[in-house]
Amino acid sequence: MQKVSQQQLIDKAVSLLADGTVSCVLGWTKGEFDYDITPALFTDEASLRQGFVWNDFCGANFSKYLVAKTRKCEGKILVFLKPCDTYSFNQLLTEHRFDREKVYAVGIPCEGMADIDKVKAICGDGISSIDCNGEKMAVQTIYEDAPVQVDASSVLAERCINCKSKKHVAYDELMGDEGDVIDSARFDEVAKLEAMTPDERFTFWQNELSRCIRCNACRDACPACTCEVCVFNNPKSGVENKSPANSFEEKMFHIIRAFHVAGRCTDCGECSRVCPQNIPLHLLNRKFIKDMNECYGEYQAGAEVGSRAPLVNYTTDDLEPGEVFNGRDSDA
Amino acid sequence: MRKCSLDALQALFAHVNASMALYLPVDGSDGKAVYQKWSEGARWSHALNTVRSPKDFFFPQTEDLMKFKTAGKSIEIVDVRNAAEDFVIFGVRACDVKSFEILDRVFLTDPVDSFYASRREHGTIVSVACTRPSETCFCGTFGIDAASPAGDVSCWKTETELFWQANTPKGEAFLQLIAPLTEECGNEAVQAQQEKTAAVMKKLPLAELKADAFGGGKTKEFFDRPEWSELSQACLGCGTCTFVCPTCQCYDIKDFNTGNGVIRFRCWDSCMYSEFTKMAHGNSRLSQKERFRQRFMHKLVYYPENNDGLFSCVGCGRCLSKCPISMNIVKVMKKLGGE
Amino acid sequence: MQRIGVFVCWCGSNIAGTVDVKAVAEALKAEPGVVFSTDYQYMCSQAGQDMIKESVREHKLTGIVICSCSPRMHEATFRKTAAAAGLNPYMVEIANIREQCSWVHKEMPIGTEKAIILGKAAVAKVNLNTPLTPGESPVTKRALVIGGGIAGIQTALDIADAGFPVDIVEKKPTIGGKMAQLDKTFPTLDCAACILTPKMVDVAQHEKIRIFSYSEVSEVKGFVGNFDVTIKKHARYVKEDVCTGCGACVEKCPMKKVPNEFNLGMDNRPAIYIPFAQAVPKVATIDPNACNMLKNGKCGLCARVCTAGAIDYKQQDEYIQEKYGAIVVATGFNPISMDKFDEFAYNQSKDVITSLEFERLTNAAGPTAGKLLRPSDGKHPHTIVFVQCVGSRCDSCAQKGKEYCSKICCMYTAKHAMLTRDKYPDTEVYVFYIDVRTPGKSFDEFYRRAVEEYDVHYIKGMVGKVTPQGDKLKVQASDLLSNKQLHIDADLVVLAAAIEPDKSARPLATMLTASMDTNDFFTEAHPKLRPVESPTAGVFLSGTCQGPKDIPETVSQAGAAASKVIGLLAKDKLKGNPCVAHSNEQMCNGCSSCERVCPYGAITYEDKEFRMPDRTTAIRRVAAVNPAVCQGCGACTVACPSGAMDLRGFMNEQIMAEVDAICK
Amino acid sequence: MNKSYLQEDLLRMSGVNPRKCMQCGKCSATCPAYDEMEYHPHQFVSMVKNGDIEPLMKSQSLYRCLTCFACVERCPRSVEPAKLVEAVRLAVIRQQGANRMTANDIPALLDEDTPQQLLVSAFRKYTK
Amino acid sequence: MQVKEFKPLIVAFCCNWCSYAGADLAGNNRLNYPAEVKIIRVPCSCRVNPMFILRAFQRGADGVILCGCHPGDCHYTSGNYYTRRRMAMLFSMLDFLGIERERTRVEWVSAAEGAKFSAVMTDFAATVKALGENKRLEDLRCKK
């Protein structure tokens, strides 16, 4: 259950529309089964009251939409930002990707988003409705007479289990209480991989990446990937390709993508959420974050606007490329 | 009709695999079902369906068409085609079986795609009827009966047994092959199960979805509908829906410079991509709205127009569960179909 | 498609000895784009070059590959050859088959195979070469010197003597800098004022030099040859062009208790003042923080006594805009604060002073008129302890001082010790040192004289503690050579404080996009080969803003900086290096990654209207590279995520083509 | 215990890097117990650096150091000589396997001018 | 079939101002190193895009080495500092994916270090040779 209710958000949006603060609202709209929620732009009270939803399945990070929408929208856009979304929001501002003046950001607290696959693993397929408003999540399927009561914590998405911050780093207005930066265990999985032998790691990633179908969902959902022209779409870049025609292509794509967002990735986890093949892509990005934290000092992309990312910075006594492996002796 | 015990399936698979490659859904490392070549120990997945459709068997994501070997300024053309061998795909659901018909109409009409045709010729499709459909299923909308799948051989699974029925000469041959491991039987158990499934299908949330509003000849009616803007506004332009779709059949032909020559290959393309059908003059569909519209107009209007009213959607529900922003053909049909 | 000619050089037997040049020429003939391929004994000879020119005409070549020695050797030669044949010089690529092939590989088959591969890589690159033309920009023939100390003065004089106008910006009311405060100068012991003030007068009278005193640089825009600089001229409340410097106002000013910064606060000055007798410009300045008239409108005495009518209480800060072709930074140094060195009791006793204060105490124009008297009681000190390395050579984690050696302290301390002993032979002088560093002409001789002729007690060791007790300073120190702890009752303790760059340097560096090291010294373009140039083109370094140095070094560096400036201003137009970065606006995200890694500040942003792929228009922020400033390192090309930034002459496609060719 | 191991041990225990020392002697200049000591703070640093540790371990200087940390405070190179003295002292106590001071020794040391606290802290310092 | 001795293919990106000149000096002094090393001249080590390195592996390189000016000596003042960070991160990522960390290397070689250039290349070639063929980052399509 989320702390700020759907009704509160709708009322807020309606009032900001009514007093002319904003001309449209970027929010979530409901789908067929209570969990298939789509980002949508609302411009009037009726559609807000009818379609706006806010529940445990509103995972989509809106920040990226602001790049295109602020260019098109007359007037200000109201955007509701979960704590993790605010980091992406700031990062995009750091990169001058949209005009801050055209956005009215309302921070909303987030209790974590649910992973529908985890829900289905518990309740089975054939979901006809999900009620997230109670203490527990009530999942009704066509195969059972009574809804199954599920602990929201047991179906949290991976990225929410390892939530890095409940603090909003950007907003014009905050609803509910402000949270704190969390000392999460998000690097544990990376550390586990680091502790493996190179052969094990190679097998692990070969297995994961071989599932890649190059649908580009990770890239297209990524709030750091807002390039006007992506190198993978640009025939002149030398890396353009449409298919995972060879195991090299998969690695190339994911290495380059991770490198391009290194220092810019806020670890929002959209890449892994949207991957239809369930590849843990966030681990690549987290690996870069972990390395940069360890080698160049703690840095959280998006924590503040205008900060200088580790890869566009240096000190004269940085460690040597050969030294990054020091202390990682599992396989020396 | 023949049957075998579920316990005997492993032996049966081994038997089939000894004479031709057998592919079936197994649980992959991420816990999701995926088609894999059978090998000792491979278990048939309990999942309803695979994430990727079985269209790969006939229309793989990438396929080399030919090679040019270059040395300095000389070029030699190399045919890379391999002689196809017989294979079986086991466990195909009714929706996916239907998708092959849709692909056939594209690849087997003149000019015939010989790569596709060769695979199709050598492949035997063994379908399995559904018993526990998902909320995302809407095959019924397109007249598909999940309890009576087509294919060269149709199967029904009960608690303990698997029932087999051949529908084509290729299917007969297959039943012949497995005859030593199966026994002749009646169809009572199958019928009972079909009835049960039919009852479940009626309870599905999308059971009432109708495609009647769409079909050939309705281009003008739908093309300029204002709803497209709203429907497409959240679309990220990724290719997930097209790549998990069993009926999407667009591909691009590209040349890959290997350093020693060029491989000409084809690979799936997606009408959702901004470079889709990019030509010398540029792109034909410049906005995501146009690209988004193209996909659904193609499924619901253009394809039926050219194919006797056959929709090129089979209601498998993959795009419903996989779209990163949960926009899909059902939402489009409901919005435009006037529900 | 290019029409490429390949020319394989034998270099006598240098190449042909280990590489089958004929086979190389033959193999490369088959490469795409190659229409002509040949070999020759000496490609760089006149005959060889003529052959290339002839071939260009005969085969209508559009590109040339020379398989020869290192491009570092003859790239320029062959580019000229190409230009002479009517080809763009940047259509030439060189395969280095001598230094990197025939000279390091001994067997003919191996050398030949590698030479062919290197040749193929060069061909692959030339296939993608495009003609490049260096950009040109005009040069404003005026220089700006920031800082009016000896460094700035010398630089300005040298530039002006070459005929170019120079402006000096000095933040104090007078030029002269630290040198004006010194007494004598080592190792010759001539008086600082005697050699400096004539130069100050030269500056004042030079028709090509303008002095903006009491001024600061507030904004810098533009780039080499074309800087737009805003100078903020602080209101001094005295009309500079009217004031005659007679000093009547200074005498009459009733507010006489303002610490005199020129004498480091050891005496006082009035609210209206002329820093010292030889000040340039010799114009009075009103200290707005001390003047009663300016603070509360009461007084006005100076205006009444000024017969010239120069006083103007209503004067405002003035902003002056000027264009310059070159900028010289000469912001100088200051001694560091002694606040963190409690053990020396600097803040507890007036008789613990810094060496610069000692200079004023011995200077004839100083607070004691040159008599060495203790600041506390005006008595003559009989025992003086000098402490070296105070705040220099500190470990960075000690947080008190500087890591570097301040370089000048050993010499000036020897000078102080020697002069003291010379003038007051009854004074015992101790110098505590860690090392005595005297590299320089006649420097060690000077130090030896202090020890041998003047009997200065040089003690290897350090002072650990100074405790004021009565009218004495109890000095506790170590004598490492005799392995003793010493206790000296001193009358005066002089601390050789480390020097640090002036505080104004850091903001100035930001304005100039010139880089600095962690100590705030300006970084030179190359530590050995370009020591007076900043990496930012058109910005030059003079004096201690670049690192600690003494007067002779400062003056020679000032001259060197001036000669660089003259070299720049002598050009009418600047020809750039055409191998510079350029941004594809259609692909640029405006994310600033490139700007952040550019060491030269060559990248700026502008908002431009674009037609977007979906037919709409949008205003987007995009990067633009100033080709006159870009030096072509390519750091931006990798920082750019979208690949919008590329480097001419070393384009992504070209390098990848080379990789492909090598890995075939 | 061999010599280089002892040296390593001392450096590890003290966290001191004697190679940072520039031999300015400020530690010894500042030391209030200088005259009581056979080896002075700067000598400790250079002798440990050179591995010449035996004489230090035998020297009474170890127990003359007041641990006032003036040398640590004043050292311009952050070498921290007192920590090194402390480490050598510790090495002696460890190596001897015995305490430098026992409770029985205290009465003999008592006199009117010595504050009790000094003895307590000395006892603490010279005892395992 | 005769077993052919494995000769690794090594791509060396060399900064024009230091290592490339260092290689020239190695040549001047006739300091031998394996012919498998092929040099590509770049204006600065910071010009080397990770894409170039992956491209080299894709096309069949068995090792990639990047040489630049010693930290502090960059001709462009700071280019090699960026290189150092970028390559540290890239190499760590390749290692994370299980690709042999010995296949990539960064070395600082000045224009005066001809002997070092030769030694570095000899050592790197030997290291890569010991690793054998690059299998983990290969593109089968590019095999001969």
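For clarity, chains are labelled A, B, C, D and E in written order, and residue numbers in each chain start from 1.
Just so it is clear, a contact is a pair of C-beta atoms (placed from the backbone, for glycine too) under 8 Å apart; a residue touches a chain by one contact, two chains touch by 3 or more.
These numbers come from a predicted model, not from an experiment.
The chains that touch subunit C as well as subunit D do not exist here; no chain meets both.
Centroid analysis (C-alpha atoms only) places B farthest from subunit C. Taking each chain's centre as the mean of its CA atoms, D is the chain most distant from subunit A. Mean C-alpha position of subunit D lies 51 Å from that of subunit E.
Separating the CA-averaged centres of subunit B and subunit E is a span of 46 Å.
A separation of 81 Å divides the Cα centre of subunit B from that of subunit D.
Measuring from the averaged C-alpha position of subunit B to that of subunit C gives a distance of 69 Å. Residue positions 50-51, 55, 59-60, 72, 78, 82, 86, 139, 141-142 of subunit E each touch two or more of the other chains. Within subunit A, contacts with two or more other chains are made by residues 231, 237-238, 245, 311-313, 316. Multi-chain contact residues of subunit D (touching two or more other chains) are absent. Touching pairs of chains, sorted by label, consist of A-B, A-C, A-E, B-C, B-E, C-D, C-E. Those residues of subunit B lying in contact with subunit A across their complex are 28-32, 34, 48, 51-52, 61-62, 132-136, 200, 203-206, 230, 233-234, 236-240, 242-244, 252, 254, 256, 265, 267-270, 273-275, 320-322, 324-328, 330-331. Contact residues of subunit B toward subunit C in the complex are 71-74, 257, 259-260, 274, 283, 286-289.
Put simply, subunit C touches subunit E in their complex at residues 70-73, 96, 98-101, 103-106, 110-111, 113-114, 117-118, 121, 515, 523, 525-527, 535, 579, 597, 599, 631-635, 637-639, 647, 649-650, 652, 655-656, 658-660, 662-664.
Contact residues of subunit C toward subunit A in the complex are 518, 586-593, 596-597, 605, 612, 616, 618-621, 639, 641-644, 652-653, 656. Of all residues in subunit B, those touching subunit E in their complex are 256, 258-260, 263.
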